[in-house]
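Next up, some structures in structure tokens.
You will see two complexes here that share chain A, one where it goes with chain B and one where it goes with chain C.
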Partner chain A sequence: MSTEARRRLMRDFKRLQNDPPGGISGAPCPDNILLWNAVIFGPADTPFEDGTFKLALQFDENYPNKPPSVKFISKMFHPNVYANGELCLDILQNRWSPTYDVAAILTSIQSLLHDPNPNSPANAEAANLYRENRKEYIRRVKEVVEHSWE
Partner chain B sequence: MQYSASTTPLRSPYMSSSTSALHLRVDFVSEVAHCHINSPQHITRQVDTECALSELESELKCSVCKDFYDVPMSSKCQHTFCAECAKFDYNNKKTGLCCPTCGYSFTSFTQFYKNTLIEDLIKEYKSNRESIAHLYALGKQAEERECREEKEGSIKATNSNSNCNFNSSPFGGTTKSKCASEKSIHKNDNDGNGQKRKRTDDNDNKLLPLNKNIRTSNNQLCKKPKIAYGLMNEKKLKNLLKEEGLPAYGSKNEMIARHSYFINLYNSNVDATIPKSKGELLRDMKKWERAHQSNEAKDANLIKKTLTNSEEINSYVISPNKYRNQFAELIQQAKINKRRRETA
Partner chain C sequence: MSDMSDDDLVEDVEDEDDYVEDDDDTDLNFTDVVAEKDRKKSYEVDFIVHSIQGIVKNQDDEVTHVSNILGIQKQHAATLLRHFRWNKERLIEQYMDNATDVLNKAGVITDNARTPKFIKVPGFMCEICCDDDENLNTLALSCGHRFCRNCYEHYLTQKIKEEGESRRILCMANDCNVIVDEKTVELVVNKDIHERYRTLLNRTYVDDNEYLRWCPAPSCEYAVECHVPHTSLISIVPTVECHCTHRFCFGCGFPDHQPSICVLVKKWIKKCEDDSETANWISAHTKECGKCHSTIEKNGGCNHMTCRKCKYEFCWVCMGPWSEHGTSWYNCNRYDEKTSIDARDQQAKSRASLERYLHYYNRFANHEQSAKLDRELYNKTEKKMEEMQQTSDLSWIEVQFLKKAVDILVQCRMTLKWTYAFAFYLARNNQTDIFEDNQRDLEMAVEQLSELLEKPIESDKIAELKQQVLDKTVYVGSRREILLEDTAKGLLESRWEFQVDIKS
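Take a look at the complex of A and B:
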């Protein structure tokens, strides 16, 4: 069944194929166009470098009027990512705009990795370490980077 | 907005389709199959043309649905959307009357006016797309030939290279398309004169009522008012729905959602050059109803899932093989994308 949301997701996929941002890829699951799998590489010159982080994006028929729910499948240690992998990102919540597409969402998440917002912490430990003990923060991040290769 | 420069990747006209590792296994993906090119030898002019034209096309596409404008409506803040997209959620008080691009807030959706110039441009562009693409391909071929000859003949190889780089930018496509747009601007001017006359007659500066006047004289369509559902009981709502020929079942919220979606559909249809019949609108409504129902079922599932969130993750952990291949392909793809960006 072709609905507005599905047609829009097809266009998003086409754009992601034709004009992909660096170190990002994503595609709908073969059996469900509303569920996407995606991979984000950790940005260079950050502790997340070399990480290959897997994500799942769940859309619904209200897309693009409503944002998808996005989740890290790979283990993540980041001030704005909950223990269950869910993200605390304004553009996926109250600052969502229907002009965003999958490429924009994934690029935003990639830039969130190297630019966390410790003022709205989803992971208190990560936020504290990020503020107070950067060395330990980096060590813990490197752990999840290694974990992401498995 | 938080996402800015970093999230709008630069477009390169030479972004050819990759040797995609993502094999398309299902029907719904086959739609995009034409943008996948399986071997590098296949990177043809057609792809180049498509990319060059895509820059031009992106100017003619709505930033909400990412498709060509369907009944383009422009706002005070100079942003344009399809009639349906512009009123996307106007019952939602939080985001309802904000411009999706800049966040400018409106007091009423009548502050959008129909942009006939863009509509004509799209019409003209669509009917000439093939010849524009063909001309672009021809121009490109000629440039390549020239470039090769220059390279072979000239001693200053570097100079010719820089020249050739300059020439091979997608100007070929845009200049040709300019012809098309000029034509349509010209055409629009003719239309505009007629409109101007009427405007002075009407003594009205607003575009919307003007368009409305022209149209209502043809087919007697006028917009339906926004309704304050909060003041209504279920019986009144049911009557409202019955008046429009819509199904009158479901909870109050469902009925409100159905009615407001219909009003949105109806009002954007009023702006269309060739408005749909009411029967067609009701068919669209049925489609929406089906999607909406499956969505609600999904929502219920999602709620269940969020309650047992760890289970959802576990399903990825327990059966990592389910998407293992896809993730492996995605990692390869991301590597290719990264390298491409670095070399670009």
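Take a look at the complex of A and C:
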């Protein structure tokens, strides 16, 4: 494995421990630094409040030249999250820059929970409800929030 | 265009002279004829073929020019030009208007004192790889975001090699839109990658430029320059010929499709892909239900048909309603009754449009097929030319007329082929008659020439055959010219009416 990716992931981990942004945490697996588990707490004043959502981040040797693939492990109901947990986020695709680190990725996902983008829906049902029936949308989100405690 | 109208103007003046003094008449007519011959035919366009070296040189010239006018470094001028898709006039105009805005949008920070170079910065740690070795070579673009040499090389190599990116490689810092300029790339990457980068850049020069197009022939490396804007493609068919002898349309890149304009060609090809075989089959094997017009194939059983869709009962033979058949179940003797004739008339109408399409398609396909047999004909002709040299006292140069005849023949078949696509979309009026007359004359001449070329050689009649072929070749060529000339003029004058909207 390239030492560059390893060194960089070590720094990302150190930075995340020393200066953790609010509402997120993450750490590499003990036996594989390329695989990370992370948790995002549902931001306050959103339907996701109180949820604890687990994610998996898979890096490869091209990191940080290439973004990791990120996936929700917990069940998720969100306009920009696919049924299999993968998400549609610009900085994880064409807007990726090698200066982004794990903290930046997780904060971006956290703010995506805040502000869904219903114009490029990965989950059409969630996007429609978000636009047209906010009450039902909130109800469905609350379901996954409760689900996330199990 | 302005040249043409100038010519017209001069002629007009001469015409007026004619009225005033009648004596010089013949002389003036003579110059008229010469002018007529030299003038560009209205179906031809001006174009230039460029080699790769030419493209590189053109690019350099443009960059140098802009760099001199705006007083900025060459690599920055190049980035600006690429941002403006090589539209020099627009770049200069907008730059003069608001230089900062243009530079920001194009991702350029000009700092003439600065040249990209590696430096060692004490206490520096690269944000990307976290290396903080004190001998680390570092580099920053004019935006000041500094990273180590290794990370830069990784990044650029990946962008160029894996992603095929060249003109829009951004600074590595997030949300920084400064473009990595040519000089920096050259400094950082190895020779192979840099070569690849130059190739990609040259490609974008042609791709971005509205008046340039790569020759689409396989492994041909020339590009063609032609100043026909996209908006005039509904009135011009800009056919160009590359140095590799491939003739194609500059507008759409498709092989020569005169006299059809690009929109019609696209529509026609799509229609043929969707319809032709199916339509042929439907026409041959099915009839339509007299009530709901579903197409029905009779694959067995008696003549008493019941439409599965609308339950209409009819007779397969006379197409009239079954109820009138009474008890004569297995044969039809009511073929001439009014109701049956009406039913068949209706059917005939809906089949007519299908037939019309097939009429044009079959002719189109026929010429295409004939043109596909080119190679064979060329081989045959070659043999014939050898034979002629042996059986008569004609020299190599004297039998070249045969090859020339085949060239013309093939070209005319291409033209004929596309006249059918064109005619299919023409609305019927007096103009169409003229077009079809021209088409018929060309077709007849082509078939005659084709027949002459197929004829076996009789050694005592070679001289005669040669004369005939020569005459026919010239005639066919001129028929083609007449047809193309008239169609092109009609397009310019918007004389043709189409059944479809050509502006969409």
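Criterion: the second predicted complex is superposed on the first by the 148 of 150 C-alpha atoms of A that agree within 3 Å, B and C clash if a C-alpha of one lies under 4 Å from a C-alpha of the other, contacts with A are read in each partner's own complex, and residues count from 1 in each chain.
The rule is short, and it goes like this: contacts are C-beta pairs under 8 Å (C-beta built on N, C-alpha and C of every residue); 3 or more make two chains touch, one makes a residue touch a chain.
Since the structure is predicted, the reported quantities are computational estimates derived from the model, not experimental observations.
After superposition on chain A, the partners chain B and chain C are seen to clash.
In the superposed model, A:E4 makes contact with both chain B and chain C.
Contacts of A:S111 after superposition on the shared chain: chain B is touched, whereas chain C is not.
By the touch criterion defined above, A:I138 lies against neither chain B nor chain C after alignment on the C-alpha atoms of chain A.
Set against each other, chain B and chain C touch different numbers of residues in chain A, with B touching more. In the superposed model, A:P98 lies in contact with both chain B and chain C. Common to the chain B-facing and chain C-facing surfaces of chain A are residues 4, 7-8, 10-11, 62, 64-65, 91, 97-100, 104. Residues 1-3, 6-9, 11-12, 15, 17-18, 20, 22, 25-26, 28-29, 31-32, 35-36, 50-51, 54, 63-67, 85, 88-89, 94-95, 100-101, 103, 287-288, 290-292, 294-295, 298-299, 302, 309-310, 312-313, 316, 323, 326-327, 329-331, 333-335, 337-338, 340-342 of chain B touch chain A in their complex. Residues of chain C touching chain A in their complex: 127-131, 150-151, 154-155, 158, 170, 172-175.
Against chain B, the residues of chain A that register as touching in their complex are 1, 3-8, 10-15, 17-31, 33-34, 37-41, 52, 54, 56, 58, 60-62, 64-65, 69, 71, 73, 84-86, 90-91, 94-101, 103-104, 107-108, 111. Those residues of chain A lying in contact with chain C across their complex are 4, 7-8, 10-11, 62, 64-66, 91, 97-100, 104.
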